[in-house]
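Several structures are given next for inspection.
Note that chain A is present in both complexes that follow, paired respectively with chain B and with chain C.
Showing the complex of A and B:
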């Protein structure tokens, strides 16, 4: 879990990291809307293929991609099976297992597959966004879009101190393991609650230190957000081209292809 | 009579299918993330509806934050750090014996006791955004639904339970245990309602809700109990070591 939660790849220099975060957020939003509203599987799968292609070109480790997609993939599998066997009327095939008869239905399979495609397409869009845009740039862009300053201040503090606390928690957990803190179920539960309690104590103490440090740097209750310059010509061109591309793809794949 | 029996048998059969497949498939990856509704699952109208439900609660929490941070300059760093701690606790894997895998506590009951339900909604909305962006848990399109189930319902049920039990004069350990337990179960019940409302299609809503609830039972019933122990155990640890820190955090909570 902790290995996954890193924006290290966003600091690489490539064509996608150089795009303005506001343009990337708008493009991602348009792609998400297109995927979620799609009524055929072609568009979400095309978006998935595009995003995975971009991820491959950016040379993101396959292990990271697999880890990030593992949970959504398991959800897709559950969705397809549940929808196939629970909803619909037209039987596809049936089998008996442990005395129970299970019947797969065509409508359910179609619905489950579409939902699965939605999940994979949408997850891939957010994944691509997250590996080409650092968190602080996303927060900066969100402020430009007039998202609440207080919400963003707490978000920045949380994001910053998750990593600080993560190191402390990892050390504590390692010390507990060395002292055989997780060898039996009851002991593991006690160790786990102690770890959670220690994390809270660290966070409250760190809050005091952080506040003192912020006051020394002139903090008077609000954090400054650096202003973003107007979107450059190149970014505007990329934004408009991508939005047109998504609209055209939506039109072609949703309405333009018969069947 | 025969018709009723056939209907019941069908429901049991469907429930068995869903429980068996969900249990097996959720156990496939190393860790289960049952309570986040994944990106793309909700149709657009439902995604917008849950955003509309969540936004007033987030706005209320932000108003609360602004009011308190005007008086106490250290309040925002405190909320941010408690949020970071709860985020980490919610990422810690705990073994679920019945599923044979690891799952994660929600942590909203604990957060609500520490900093209050309004601020817990704000913290949960940020944690869910970060998880959607950087961990592929939950999603941006399902953020509203996840805020309602994990933030709003989890926080208010946990906080309400803690306050009611304390008012009844019962020990705080029991109050904390039940706050953790009920906030977890309430979160899972609300997630089931959200999923059933969006996915029931031509089937009846109640039948789909029953199926989803049954599918979650193997992981969420023991996980809720573990979350109760976590909530009570963590608070006990802090109270015994640094009670003055809890008083500081209680500027917004119930501890």
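Showing the complex of A and C:
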């Protein structure tokens, strides 16, 4: 759970963390557009391979990568299975289960694999961005791009209090475990629902206290954002090179190879 | 000149709990005042009233020369700052720098001035090296200091702290109290702290208000407050440990001590006065030999 939100790697000093967050956001956006509009599997998989390669070079522990990619991988698995058995006409193989006839189809498998590649490619881009850019720098960059202040304010508070609530949930869960709250299935369910309820109450109380604290420092409904300096020459160069690289890769892998 | 002037304040919560009843509370500029009371004595309610989070049903609260209700939020929070007991309630930005800059930016100050205030506030609480750190990566003691810096950046003339040493280890507790003493003595800030921790107060507070069940039981300098053992017990508090030891020695063993020492230094002087000098010299010579 803590691994899922850990941001310690964003504070390391490396070539990727040093790039301006605005440049990284634009590059990530271009990569995302390229991935989701790709009609062939090669480009999304190439992006996935590039991102995982970068992650490996940055020595991000495999456990963290697995933890972050577990949810999208399971979505991909479900997508591929559903598409394979629901879409298309050309049968690949068939089997019977509990009296039901299931037929896998070639078009469905192709469609499912492409969708899965889209998901994995896009998730890997966001994953790489999230491990080389601290969240507050992303929020700052988004504000620079004129994203709504209200949305960003909610995002900042959510991000900040995830860690506070996680600590509280961990303490509560440990207290339940120490009093045998998770020893039987029924008891575990009861403990878990109590924990969920307590967390909601904690978060409401926390929200009230935080709002009071914000008011005492002049908050009047809008959170102020600090300025960002103009994009440096080096960052502009990186941005332009990467955008060109993505465009060339898109052209080659989407049209060039097939052409 | 009065920094805070509270007269005859009553406050009752919506559920009917009477939290304060006829409280008078006066603090002069540059004073270091402690509000001492057990849990549920009304400390937090009084603080809530002083910073305008709660509104008194009856009575008068003046901040400086002005009635609290006549001050705009901007005016009020540049005069009075509150540091919460739990820093997590107060630190809502992602990084130290952003959090400390929150108040000055809300005052629409130019960015150069915001920058200056952030640097000064962090330097004042010895937290400059933490400037670029994420809040959730800080230790509890560091979070406490950063939350103090966040309030300092508003440049209030009165600093109110709710249980500033709660949750800190002994070293952190001493560091926090020394920091408050420095802000009070060197920067001239008026400091009001609500606490039930009695051991450090005699070293720092000019005056103490003892609160119990929403009423002021007693007010005065530490030596005057802590010589009323019965009142202290009635308020569900205790004497500082060193005073308790001397009190018990006086009561049970008849040791002739004048008044009650409140600090280790005072106790040491009084004990040395009781031991004949010749005995100490003889002991030292014996050791040398």
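As a working rule, the second predicted complex is superposed on the first by the 221 of 259 C-alpha atoms of A that agree within 3 Å, B and C clash if a C-alpha of one lies under 4 Å from a C-alpha of the other, contacts with A are read in each partner's own complex, and residues count from 1 in each chain.
One rule holds in what follows: a contact is a pair of C-beta atoms (placed from the backbone, for glycine too) under 8 Å apart; a residue touches a chain by one contact, two chains touch by 3 or more.
Keep in mind that what you see is a predicted model, and the values were worked out from it rather than measured.
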Chain B versus chain C as contact partner of A:157, first or second or both or neither: both
Touched partner set for A:210, first chain B, second chain C, both or neither: both
First, second, both or neither for A:227, with chain B first and chain C second: second
Which superposed partner A:146 touches (first chain B, second chain C, both, neither): neither
Chain B versus chain C as contact partner of A:37, first or second or both or neither: first
Touched partner set for A:190, first chain B, second chain C, both or neither: first
Which of chain B and chain C A:7 touches, first, second, both or neither: both
Chain B versus chain C as contact partner of A:200, first or second or both or neither: first
Touched chain A residues, chain B compared with chain C: B
First, second, both or neither for A:86, with chain B first and chain C second: first
Where chain A meets both chain C and chain B, residue numbers: 7, 135, 156-157, 159-161, 164, 206, 210, 214-215, 219-220
Of chain B, residues touching chain A in the complex: 13-14, 16-18, 21-22, 25-26, 28-33, 38-44, 47, 58, 62, 65-66, 69-70, 73-74, 76-85, 87-89, 91-95, 97, 110, 114, 122-123, 125-127, 129-130, 132-137, 139-141, 199, 201-203, 208, 211, 215, 226, 229-230, 232-238, 241-242, 245, 248-249
Contact footprint of chain C on chain A as seen in their complex: 7-8, 11, 134-136, 139, 156-157, 159-161, 163-164, 206, 209-210, 212-220, 223-227
Chain A partner contacts - residues on chain C that touch it in the complex: 51, 53, 73-74, 77, 81-82, 84, 86, 88-95, 97-98, 101-103, 105-107, 111, 114, 134-137, 150-151, 154
Residues on chain A engaged by chain B in the complex (per definition of touch): 1-2, 4-7, 32-33, 35-37, 44, 68-75, 77-79, 81-83, 85-88, 100-102, 111, 115, 118-123, 126-127, 129-130, 135, 138, 148, 150-151, 153-162, 164-166, 169, 185, 188-190, 192-208, 210-211, 214-215, 219-221
